[in-house]
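Presented sequentially are two complexes of chain A, the first with chain B as partner and the second with chain C.
Take a look at the complex of A and B:
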């Protein structure tokens, strides 16, 4: 019997397992790959400040409680806005859809929450939303965001995956030094709408607190 | 040497990994209970600053449960079961011993460092694959070492035919290797530029919808090849050994094994129902999830029927209780999963607490119960001592069983309540509840869940204590017990 033979030949047994478990990935994932990678027409990749904010979002693991995937139900579009489209995620590495809504969906939060709202909310969520079980994220007001890593990320995705960043995005430190003031300008624009003195001071001194980057990112979710 | 002479097996590695199983199990459950409490009582969040928020701790809970506890349990039982079913001792090969010990130490140190990295928020953000690239490389090294050790042991085996458990361990090795490699493909940004920024940071090979597909192909099947396949392998060894009964049906084990291998991987896309993944993939995921009941229940029924005519053992041997309950929870979990994978059910269940509820009846009821039963069975053989206390084992069994039931019932109610409230509309078609209403209503269920966590953790501490006392002060055994595990 075939199986008795197979069970005495570990090499072929292992080969058989490998073949049987490979089918699904090959048939389900591979064919659609190129199509699913297309961005919406005219979509811009995130700025360096927004990328830095996305990295704060990942560092504090916001996606463990918040989704970024509005499903095509009336109850969801009423609550959060238009349902999500594949092309909107084309520059997201990694995808941040989340799998649990302990808090609400954030895919279009930029449409209905302001810088000011986020500033207050991240300091004391239950003061803004009574009954909220979200932790405060006070450390984001003092921790400094890593904008250099965000720039490195932009350059990497540009070179490796042709994400449409401009010609000024280069691998060199000189190119980063030249781009840095642009990031600080973006940060100043966010900080201008904030009240926290320490944050404003840090930005004036050329540093970007995590909260500023995070808010830039959240505001870009539309 | 005569072929039927008893072999002296070398259990040093099985023992070492058993200690890690208990250590990581305790840590995973401790953190799990803490974050469960944080959802009921959010003021518990900022106790150690940013390192004490729910969001930072949650990946530590999941990754320690998967890559700490379960993987240690897989290694511990492999280094016990592997030798015995292949009829060859580890001590016969110096090479295998060295490889095994290197694997142990890299694993131990690597797991600790990886856990610390998550605490600092160094994360690639994909669920159950959060470790950043340097730690991914360590995982690959550990896995390759395990593979070399496994192939080596198979290479020098005396028993030519591979026993069913070996099929499952082999599949675990191959499956996780394939999934882990593809899902964690990333480019370190530090090396893709002139050394700009953090050395840990990387970007995924895949973007958006593709990344989601690869992730859930991985995420779902990490469950398959980490939480199902090796655990089924364990029960195929330990239940017949403990009960003295032969496996009910060889044909059923064949059907279940190859069925599981073929079907499981297709079902990953059921995590992405109603998302931007193409409809046909979602439908495939749903359909294959239903088909998956067949091989899953095949294994479970094969186990239950193995006890045919010997059900009296259930009343007087608590270890049989653990294993029969594990099979039963496996059946519950593998019928619940397919139900959640039906589109209309998923529309309510997805994003709610029903999903963690499902995960936990599977993990607490099936995975942890089976691994603890395996350790209880192995301990008298490894330490040549009787189990310290049968009474403690009985008490632990009931405490933890009640805990699991409290966990999944509270999360079922919480999940369905929330899912229904999100979609509820008034007579004019307007949404009836603001989001926060659907959070505050869950407080009692989160409290019950916390209680169940405390109970389960207590049970696990009773288990750890029982094993510790067995090692140090259990009555010494002169010869190895044949079937039933001796206990005081």
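Take a look at the complex of A and C:
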């Protein structure tokens, strides 16, 4: 009989015990988790410009001081807006929940801050918010964002995880050349709301300063 | 009583005596304090019962002989009797089985805890209380509430003092600057969503526009320039917006606050996002009181 065999093989016996013990957990937790982790209906993956901005966000380590996770408590939803749902992070690789709020939560920042505010704030945070200890991020106005890597990232997650980027996202130079103008158009729309002349000039010359990508990303956090 | 039992009882007695000796040396009153006395009695009972039960089973293991019918299975020479289920165990099993049926099909689905449910209850309870407490709030309360809302939601752009941080946002200490009036006249305006609809660009030009701008920026005091006729058909002769049909040019009235919070605004200085999900009607009233206090 089967259990005779099982009793003589301690490894498989231990494995069978684990399955039996965790059975209730498996059938209760795993399907629920899989359901909750699906993207929300109608949710679009981030554009290439926003992905580049997300990389700037990670590069400058914003997640060390800012969370992106509004918990379902009244005190939080009063200040930051609706509580976060797990499906909202479905396309975030990695997610940037963060675990420390030296600064405020940013998960819905796009709802209540605008391009020009971010521009003023990144140059001199304490001038805009008295008492703020956030450092200035002036280098973002001169550093150029890496939109090619962001495009490659989009193509990779499309191939590896079936993130719903369109059929035009392909692993070829020609596909990138065809997509690049769209990224620059997005950047121009952001730069149109900005005042910094160097940034406007860079965008007009086909370059995307980090601040433009970062603002595109922050505006997409809704 | 055999030798083993005597040994066990002696061991229990030694344990008890040792315990009492330790307790005595700690200077604790055992006899006088009833709680201490009961505790010591309990300890004594546990020691005696443990010793007696152990002795009973050790003796049984020594003297008992096997009886009853053996099951067919044999595990490396160790057999098992075909015994009836102990009744206590059987009834417990039955009770747990019935409970699990109830829990699986009725208890859990109906009584399940939900974090979101708790959140909804919390918000509902708070909102109900908030509406009741502040139904007829007086001006001082609204002003205080307005200030704290302002500091959390508005001050990041408009500044702690409401001065708009040197032109980065609307300056609440006055209604409109000359530049803002000229901007609206030259480019039109249509972002607040007033019933009157879009304001077309170029309603007045040159010196007329200049005269209007000076007049409106000055708080509409003194003689009204003739060119203001272009404005008064929509904004009213007094500039107060024809009873909420179009924006007031002289004050931050309740309709201006309502439309700005609901729709946001995009103007020459930048874009103000809509705050409709973050500010409730009572809070809006409070903000109106506070912002009006900034220009008075």
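Rule of thumb we're sticking to: the second predicted complex is superposed on the first by the 185 of 222 C-alpha atoms of A that agree within 3 Å, B and C clash if a C-alpha of one lies under 4 Å from a C-alpha of the other, contacts with A are read in each partner's own complex, and residues count from 1 in each chain.
Everything below uses one rule, namely that contacts are C-beta pairs under 8 Å (C-beta built on N, C-alpha and C of every residue); 3 or more make two chains touch, one makes a residue touch a chain.
Every value quoted in this text rests on a predicted model; they were computed, and no experiment measured them.
Which of chain B and chain C touches more residues of chain A is settled by the count: it is B.
Of the two partner chains, chain C is the only one that A:116 touches; chain B does not reach it. In the superposition on chain A, A:2 makes contact with neither chain B nor chain C.
Look at A:73: by the touch rule set out above, it reaches both chain B and chain C.
By the touch criterion defined above, A:81 lies against chain C but remains apart from chain B after alignment on the C-alpha atoms of chain A. After overlaying the two complexes on the shared chain, residue contacts for A:127 are found with chain C alone; chain B is out of touch.
Residues 72-73, 78-79, 129-130 of chain A are contacted both by chain B in one complex and by chain C in the other.
Interface residues of chain A, counted against chain B in their complex, comprise 3-4, 7-8, 10, 13-14, 17-18, 20-25, 28-29, 32-33, 36-37, 55, 58-65, 67, 69, 71-73, 75-76, 78-79, 84-86, 88-104, 126, 129-139, 143, 146, 148-153, 155-157, 159-161, 171-173, 176. Across the complex, chain B meets chain A through its residues 38-39, 42, 45-46, 49-50, 53-56, 58-59, 121-127, 151, 154, 160-162, 167, 170-171, 174-175, 178, 182, 187, 189-190, 192-198, 201, 203-204, 206-215, 217, 254, 258, 261-262, 264-266, 268-269, 271, 274-278, 281, 284, 288, 347, 350-353, 355-356, 422-425, 430-431, 435-436, 439-440. Put simply, chain C touches chain A in their complex at residues 115-116, 118-119, 122-123, 126, 152-153, 155-157, 160, 165, 168, 269-275, 277-278.
Residues of chain A touching chain C in their complex: 72-74, 77-79, 81-83, 111-117, 120, 127-130, 193.
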